[in-house]
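Two complexes come next, and they have one chain in common, chain A, joined by chain B in the first and chain C in the second.
Our next item is the complex of A and B:
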C-alpha cells in the first residue's frame, strides 16, 4: 500500500516512541563513563573520556563480578536442566497418540495461565522445607519448572513436523527409542531447541522477584538482578556508578541479541503466544 | 495421525495399537526402553517437576489463606474465613483494589491500542521499519530491575525529567514524581505502558504480516483510508489474536506490578501506590501476616480468572 502525506503524523508518533526507547539506553551508556557533575551539567553529552572508574566502583561496592558469575551459573545450569526435562517430554508427547499424552499436553498448555509470581510465598516455603533456602541451588531446580509449559509446547510443535518415516527407517535398523530421540529428533528440531534456549536464557537471566526472596542478600549467592538494585542504596545517587552497573547487567543479553538478532526476534514472537 | 508401520515395530502406534511386548533392550536406558504408552513415560519427569514446583505452590495459596499464621516461626492455627473478614475490613486492601483497578483500566487499553497501531505501521514496511523493529524489542530484553533503574534515573528529584523541566524554565512543574501521592501510581502506569507497547507491537506486526496483502488492497480500491483499513479490515481478521495478547498483558500487569512497586515506590507514600500483587508481597515478606497475604493472593487469583473470562468474551469473534 502507498504511504501518503496522511502518514506524516504516524511517522512522527512511531519514531517519537522509538526515541523514548533508545534515549534511556543512550543515557545509561553515556552516563556510565561520566562523573555525577558531568551527568547533571550535560545529561546527554557524549562522555569526554572512556574511563572505567564507574564500572570498577560498581564491581567492588556491590560485588557485581561475583553476582555475574552467580547469574551465569544459575542461568546455564537451569537451561541444561530445562532441556533435559523438556526434550524427552516433548518427544514423548509429539509421538504418542494416547489419551494420556494429550491430557498431559493440555496440562502443560494450561500452564500459560499460571502467572509465575502468583505463588511466591508458597515457593519460598518449599525452599525452606527442602533446606535449599538462601542458595542458588533452589533457583537452578525451580526455574526449569516455570519454563516447562512454554518449552514443552514449542518443542512438541517442532517435533510434530518431523516425518514419521524417519523414525520407522531407523527402527528397521534396530534403533532404540533413545537412539531415535538422540539421532533423529534432537538434531532435526535444533531450531526449536534454539528458540527454547533463547527465550529461557532471557527469562532466567532477567528473573528478579524469586531470586530476591529465595536467594536473599548474601553476596556469595545472589544473582546480578538482585545485586543491581542494591547499588542505589550503597552509592546513594551516584548516577555514574548506578548506570555503569545497569549497563553491565545488560551486556550478556545485548551480545546475544545482536549476534542472533533474527533468531531471537523469531523466538520472542513465537514464545509470547502459544495458546 | 496415521502410520504405515505395522504395530509391533514402532512403540508409538496409532491409538489403540498394542504396545510392544518386549522388555527393555540392554542398550537402552531402562525407562526409555519401556514400551508402555509409546514412551509417554518420558514426559513424566517434566510433568512431575511442573506439578511439584508450580501447581503445588499454587494450590498451597488456598490452604495458607485459611490459616492464622502471624510469621514464619510463629504457631499456626486454623482460621477459616477469618482472614477474609480481616482483609475486607482493611482500608488498605480497598485502596489497593482501587489502585489496581486504575492501573489496569489505564495501562491495558492504552498499551493494546497503541501497540496495535504501531504494529500496523511496522507491518506496512515504511522506510526504516527494520530499525523500528529492532528498537521495539528493547523492552522485551531488559530486566525489571534495569527498567526500574531507567525510571528511577528519569523520575527521581534530580533526575532527567526535572532537569528537562528546569532547563525550559518550568521549575514550578517539577516534582518528586515517585514520592508524591498524586503521581506515584501514574509513574508505575507509565512504566508499564512504555515497556508494554514495544514488545506487544512486535507481536501484532508479526501477526499482521501474515494477513494476505490483497485484503488491504481491496479495501484501498474501495476508497478506504488506512485508518479504516486498520480498524475495519485488519482488526477483525486478527481479533482473536489481539484477545490472546490482551489476556497475557492483563495477567502480566495484574501480577507483575509487585516488582515495579517494590523497586520504585515501595507502595507509598502511604499506600497510594500499593497494588494488590504488591500487597501480597508486602504482607508476606515485610509485615509477616501470612494468612492475610495469601488471602489477598486467592482474591488476586479470582480477579485474574474473572478478567481472563471477560477479555475472552469481549474479543469473541462476531458471527
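Our next item is the complex of A and C:
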C-alpha cells in the first residue's frame, strides 16, 4: 500500500510521541550509571562507564533486596485478597437485577469520592486500635479496601457482557453458582481480571504514604517505596545511586506489565468494540 | 459439571493462605518488628544509607553490638520524613527508644508535648555534662530550662571560595566587603564563571538570605526577627536592602530561585561557580581537585555592618539523641548507648572518618577533609551569626522557603522581599 503525503503528520506525531517517552527513559537509565557531577553537567551525555557501583551501593545501603521481598509479599497478598473479594462481588452485582444490587453498585462507585489523604488519620487510628500498627498485615487488608471501587466497577461491566444463556446452559448441566462463576464468568472475564490485576499492582507497588506511616521504617518490614527515599539525604543526594535504586525497584513492575499487557490491551479493545 | 476447584477446596486454600501468610506479616515471624522487645534498643536515625557520616555510624553500631552481646540494636532509617514517622509512631505508643535528628521544624515542639523527654537529669547522672560544648548545651535547652536531647553533631557553615577561579578572573584575595564581592562577581561573569551559587529554592538559600540580612542585626535583633517574623527594624531593612543590592549586581548565579542544594554543590564541584555557602558536611564532599584550590572564610560585610569581621553560620543543633517515653523504660540500654556514642574514640571517628563537626568535646581534627578542618580553625577570623532554625516557628518554615525563592528572583524590590518574609509568618 502506497502512503500519501497525508500520512506525514501522523508519522511525525507518532515519532514525536515516541521521543517524548524515550528521552526521559534514556535520561533515567543513563543517570543510573553516572555521578552527580556528570548528571548535572552533561545530563544527556551517555555514561562514561557502565559499572554497577551505583546499583550495588543502592542495593546494599538501602537493603533493597529485603524491601522488594516485602513489597512482593504485601502486593501479592493484597492482589489475591482484592480478586477474592471483587470477583464474587462483581458476579453477584452483574447477575442481579434487583434495586438493592443497583444501590450496592452505586455504593461501590462512591468509593471513588474519598480522597486518599483524607482517610490517612482514621486509617492510622484503626491500625493502632487493632494492634496492627507497624505490621504489613494491615496494609494487606487495607489496600484491597481501597481497590474495591475500581475493581468491582470494571469487573461488573465485563460480567454484564456475558450472555445469560451461557449460565442457563451450565445450570441445565447441574452447575452450582460457584461452578458458574468458576467455569463461565471467570474465564470469560480474564482480560478484565488482568486489567484489574495490572492497575492494582501498579497502585499497590507504588503506594508510599500509608506504607510509610503504617508499616514504618523497620528494614525488616518496610516496602521498597519506603526504603528508596532513604537514599535521599537533605545534606546532599547522590542522584546516581538514587536513580540506580529506582531502576532496581522498577524491574518487578516491568516484568508484571510485560506479562499482563496483552491481556489488558485485549480488554481495552474488546471494551471499545462492545461500546 | 465437575470443577477442579470446588467451593470447599477454594475455602480451604483461602484459610491456609490466611493461616500461613498473616502471622508472617504481623507478629510471629522472623520478619516481624521487635520494637516492643525489652532486650532490643530501637534507634531511629537519618544515618544509615548515604547521608554523610552513615558509614562511621554503622561501624559504631557494629562495635556497640559487639561490646553489648546481650542487647540487640535495631536501626530504623528515614530521610526528611523522619519527624512525621516518629510522631505517628508515638501516637500509637510504638515509638523508637532513641531518635537521632536535628532541632528544626516539627522537632521543636517534641519536648513540650511530651513526645520526647527532658534529658537534663540523665546528662548529669551519667556524668556527660563535661563532654558537651557549652554552646551546644545552650542551643539544645528550651525556654523552660529543659534539655531537649543529648547534643551530638554540630556544623560550621562558612563560605567556600574557589581561589583558582577567582584568580583566573583576575580577583586576587577573598572579597571581604560587599563592594569587593560585587567587583569580583563582575569579573567572574566576564570570564563565564558564575559567582555565588546557592539553592534559592531550598534551605541553603534560606540560610544564606538569613546570614546576609544579619549583616545589620545584633544577635538579639536577629532572634526577635526570626521568632516573630517582624522584619521592620532598621537593621533588618538594611540587611534586606544589602541582599537586594548584591542580587541585582549579579552576585548570585543565574536564576538561583530555581536551584536546590544539590545543584549548588554540583555547580561548585564542577567549577561552574566560584563561591558557595556550605555547611561542613557539604565541604567534606568537595572533590580534592577543587578543595586544594579552595579557601574558606566568611560572607563579605557592607558599610555600617554590626559585625567587624565577615560572617559565618555555626550550629550546634544538627543531630542530637532524643529519648522517647519508650526509651525511658529501657534506661539502662539507652545509657549504655549514649555513653558509647559520647566516648572519645567514637566521637573522634566521626571527625576523622566522616569529616563531621561535633557538639561534643574532642581534640581530633578532620585532617582528611581539609576544608572542614580549615572551617574548624576559622575561630576569631570570622564573626558568627545565628542559624534561625531554632527560632522560626514550625508553621513558618515552608512558607519561608517560598519567600526565599521570591527573594532570589531578580527585580524583586526590598519592600517585596520584606513582605514575602513577613507573610511567611501569617499562618503562625
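Operating definition for what follows: the second predicted complex is superposed on the first by the 219 of 275 C-alpha atoms of A that agree within 3 Å, B and C clash if a C-alpha of one lies under 4 Å from a C-alpha of the other, contacts with A are read in each partner's own complex, and residues count from 1 in each chain.
Rule of thumb we're sticking to: a contact is a pair of C-beta atoms (placed from the backbone, for glycine too) under 8 Å apart; a residue touches a chain by one contact, two chains touch by 3 or more.
Just so it is clear, the model here is predicted, and its values are computed rather than measured.
Look at A:25: by the touch rule set out above, it reaches chain B but stays clear of chain C. When the shared chain is aligned, no partner comes close enough to touch A:12: not chain B, not chain C. Of the two partner chains placed by superposition, chain B and chain C are both touched by A:229. Of the two partner chains placed by the overlay, neither chain B nor chain C lies in contact with A:255. Of the two partner chains placed around the shared chain by superposition, neither chain B nor chain C is touched by A:169.
With both complexes placed on chain A, chain A has more residues touched by B than by the other of chain B and chain C. When the two complexes are overlaid on their common chain A, residue A:37 makes contact with chain C while staying clear of chain B.
Once chain A of one complex is fitted onto chain A of the other, the partner contacts of A:178 extend to both chain B and chain C.
By the document's definition of touching, neither partner reaches A:56: not chain B, not chain C. When both complexes are overlaid on chain A, the residue A:213 reaches chain B and chain C alike. Applying the stated touch rule to the two superposed structures, the overlap between the chain B and chain C interfaces on chain A comprises residues 40, 124, 128, 176, 178-179, 213, 229, 232, 237, 239.
By the touch criterion stated above, chain C contacts chain A in their complex at residues 1, 3, 5-7, 10, 14, 17, 21-22, 24-27, 30-33, 35, 44, 46, 48-52, 54, 74-82, 84-85, 88-89, 91-94, 203, 261-263, 265-267, 269-270, 272, 279, 281-282, 285, 287. The touching residues of chain A, counted against chain B in their complex, run 1, 3, 6-7, 10-11, 14-15, 17-18, 20-22, 24-25, 27-28, 31, 40, 43, 85-86, 88-93, 95-101, 104, 107-108, 111-126, 128, 141-142, 144-146, 148-149, 152, 164-165, 167-168, 171-172, 176-179, 181, 202, 205-209, 213, 225-226, 228-229, 232, 237, 239, 242-243, 246, 249-250, 253-254, 257, 261, 264-265, 268-269, 272-273, 275.
Chain B contributes residues 1, 3-5, 9-15, 25, 27-29, 32-33, 37-43, 45-47, 49-50, 52-58, 60-61, 64, 72, 114, 117-118, 121-122, 124, 126, 128, 131-146, 148-150, 152-154, 156, 158, 160, 163, 194, 197-199, 202-203, 206, 216-217, 220, 225-226, 229, 241, 244-245, 248, 251-252, 254-256, 258-259, 262-263, 277, 280-281, 284-285, 290, 293-294, 297, 300-301, 304, 308 to its touches with chain A in the complex.
Residues 36-37, 39-41, 57, 61-62, 70, 73-74, 77, 80, 84, 124, 127-128, 132-137, 140, 170, 173-176, 178-179, 182-183, 212-213, 216-221, 229-239, 241 of chain A are the ones that touch chain C when the two sit in their complex.
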